[in-house]
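Before I ask anything, let me first share the structure, which is written out below as structure tokens.
Every chain is named by a letter (A, B and C) in the order it is written, and numbering of its residues begins at 1.
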Amino acid sequence: MEATYIKTKKDGRIVIKSGNKGDRVLKGTIVVLSILTVISFFFFNYAGLELGSAIRETAYNLKVMFLQPALSTISLSEAIYQVGVTLSLAFLATVIGAVIAFFLSLMAATNLSPVWLTRIVRVFVAFIRAVPTVLWVLIFAIAAGLGSEAAVLGMLFHSIAYLVKAFSEAFEEIDKGIIEALQSTGAGWWHIVKSGVLPSTFTYLLSWIFLRFEINFGVAVAMGAAAGAGGIGFDLFMASSFYFDMREVGFITYAILIVAFLLEVISTRMKKRYFPASSN
Amino acid sequence: MNEKTMRKSRWQTVIFLLIIITLTYLSSIITSFSFADGLATIPEALGWMTSNLMVTGESLDKLPNILEKLAETTFMSIAATTIAAVVSLFLGVLGSKTTKVNNFLSVFARFIASVSRNIPVVAWSLVLLISFGQNSVTGFLALFVGTVGFLTRAFIESIDEASQSSVEALTATGATYFQIVGKAVIPQCLPQMISWVLFMVETNIRNATLVGILTGTGIGYTFDMYYKMLDYNAVALVTLTIVITVIMVDLISNYVRKVIL
Amino acid sequence: MALLKVEGLGKSYTADKKILKNISFEIKAGELVSIIGPSGAGKSTLLRCINRMVEFNEGKIIFNNQEVGNLNKKELRHLRANIGMVFQHYNLVPRLTVIENVLHGRFGYKTTMQGLLGRYTEKEKAAAFHLLEKMGIHEHAYKRCDQLSGGQQQRVGICRALIQEPKLILCDEPIASLDPNSSKIIMDLLKSISTEMGITCLVNLHQVDVAQYYSDRIIGLNKGEIVFNGNSTELHEDNINRIYGTKTEDLITS
């Protein structure tokens, strides 16, 4: 049974792994991530950490939060209004972002624009994406003052970057035939976009926009807390870091959770309805 | 018939647009957002950025300190993501239709994922901050919880997509549950899962900045400090280092993704 | 002595609709038996009842003097290790190598840990290569199995079943996704498995002519009931019409 096609190790044992590049890189990635994880615990700053009491206290705080939620410093109508503010911030950033992203992604799609232009747009988008949203908000706040403008603009930047990536990929997947057919009728670029590109990707774009809205709601909460941009996030920050009122933190968390759940349910429904088959 | 449906769809589009415009208008009233001011701000902000957000020689002196904090944050994000991935793997296997042990555990896993994902990272960091104090562990845990939620959902989807058929085949050979999961399901989903993990590492580095601002740790704290000191050159330097880190991680993950998928 | 005996088998998913009704037949060791019938007749379900991939509601299945319905978890594992299974869509693990996929057939004999760590004995590995060589696909042993053609993948599937050293192989539409050429190779292999290695094969097919050409015996199934059970030479047009409820010519030409 000494056939040449059987690979063996030095000790004569038969090899069964293919050992191709993909497998090696996959294994390498896992090993590197594991090593970095172990190293990272030496890099941590453990200042003032008392693990035992911290865990106990946190467990107690979580219990108070989730089992005895109540409002004290703000009224219920105020809380609802602030949730509305957060939703509105997210909505504005999403809608404006979607409009701008649509035009930019036309420029970023390789089948609709010259290569040099797609490159420029892509580098631009990659840069915007790499800056954390909160930094954008804070940077805009210096110029515009802390308020809804800075918050929306900051969130807008990230929404644009995210949507341009998603949109341009959707455009690039359009059947070549559709564009060619329109080109052959002598249609102009705008005409191709209007009657070829837009109709065949519209529901897809819509679903991405909604997904981004879902994300932006979370981001808007964060901006309220970290950048003082207003909305329910700011109340959350005040309740926990200023009043140490875990019951109010609990109530606000529930409020955020409910909205987030609703948005998730709607987006799942939309996904199922518009592309039941394309879930992969 | 055709014309009728076309007219109908045109009406739908018009109504849809009207709703969006109304909602946008309402939103701008609620938040007292002014489009004119917003628009005016952009060139103003960009002008300000180009003139003030400059890395100067002076700010470069702070680079060692910044890099140290950045390393802390990056490592924190990687550790939180990797450990979350291990937990999510178990939850994902329990939660997926293909590999679930029973319905109760499946619903339980999905519930855990949903709750930890939908409670914003901000809330976690604020709550953890109270007891854990200003240190990396707080940030680590906050990122960890959010990541478990996200990755569990992603892993459940990957496992669901992986072909049920090889699970059936291995069941028919008399393989045990763990053999099936370990040898039929995981090998199929692993590249997809690693791709999600890399995506989360990148996302978490950005999120860590936010968490850092809230919990007073890592690069987020450094940024916040210089920001409040109005030391905008240092702010620019911090931002630049974050951008470089994120883009580097992004490039590495893109390479890995291209090879393994 | 029959290797497999099915008595009064019945299966229903919902109370009002029965997939299988009062199925009884016997299969002797070394036979190649085809089950034919229109889609939806219950062929797949019947096959899966035998190794309890599907739990049945009524009747008895006796395999190798063991009553299949009464087995506990451990005994069921042992039963499945003794019965190989070949699928229409091959059901291989796509990213793994051909040889790894073949060796998966040994899991029924291993502890969980041995399986997870991929501890195969040299003898098992050599046997796997021997089988691949027999099937003529040994040069692909280290390829990812999703890079192989359909016919080649099905041969890997057969190797996986054979390395179990089974007494019976269940084949669920093994050639339904293959071109005529590959179909012939696969059916020839199954035939030689039954005649040369003496392993019993129970094959679901939908091509009547293929069933007639290769099998020792044919079982015709229609709407969950056996309407024909006899030698392939005894299968005539009227029987076929009874199985399919249509004219033969339409079937053979299609």
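Everything that follows uses one rule, which is that contacts are C-beta pairs under 8 Å (C-beta built on N, C-alpha and C of every residue); 3 or more make two chains touch, one makes a residue touch a chain.
Computed from a prediction, not measured in an experiment: that's the story for all the values here.
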| item | value |
| --- | --- |
| Chain pair, most C-beta pairs within the contact cut-off | A-B |
| Longest centre-to-centre distance from chain A, chain (CA-based) | C |
| Between chain A and chain C, centroid-to-centroid distance (C-alpha), Å | 47 |
| Cα-centroid distance, chain A relative to chain B, in whole angstrom | 6 |
| Of all residues in chain B, the ones touching two or more other chains | 190-191 |
| Where chain C touches two or more other chains at once, by residue number | 118 |
| Parts of chain A lying in touch with chain B, wherever the complex brings them together | 21-22, 25-26, 29-30, 33-34, 36-37, 39-41, 43-49, 51, 53-55, 57-58, 61-62, 65, 81, 84-85, 87-89, 91-92, 95, 126-127, 129-135, 138-140, 142-144, 147-153, 218, 221-222, 225-227, 230-231, 233, 236-237, 240-241, 244, 246, 249, 252-253, 256-257, 260-261, 264, 279-280 |
| For the chain B and chain C complex, residues of the former touching the latter | 163, 165-166, 168-176, 178-179, 182-184, 187-188, 190-191 |
| Contact set on chain A toward chain C in their complex | 1, 3, 5-7, 12-20 |
| Sites on chain B touched by chain A in the complex | 20, 23-24, 26-28, 30-34, 37-38, 41-42, 44-45, 48-49, 52-53, 71-72, 75-76, 78-79, 81-83, 114-115, 118-123, 126-137, 140, 157, 161, 190-191, 194, 197-198, 201, 206-207, 209-210, 213-214, 217, 220, 223, 227, 232, 235, 239, 242-244, 246-247, 250, 256, 259-260 |
| Residues of chain C defined as touching chain A within the complex | 97, 99-100, 103, 118, 120, 122, 125-126, 129-130, 133, 138-139, 141-144 |
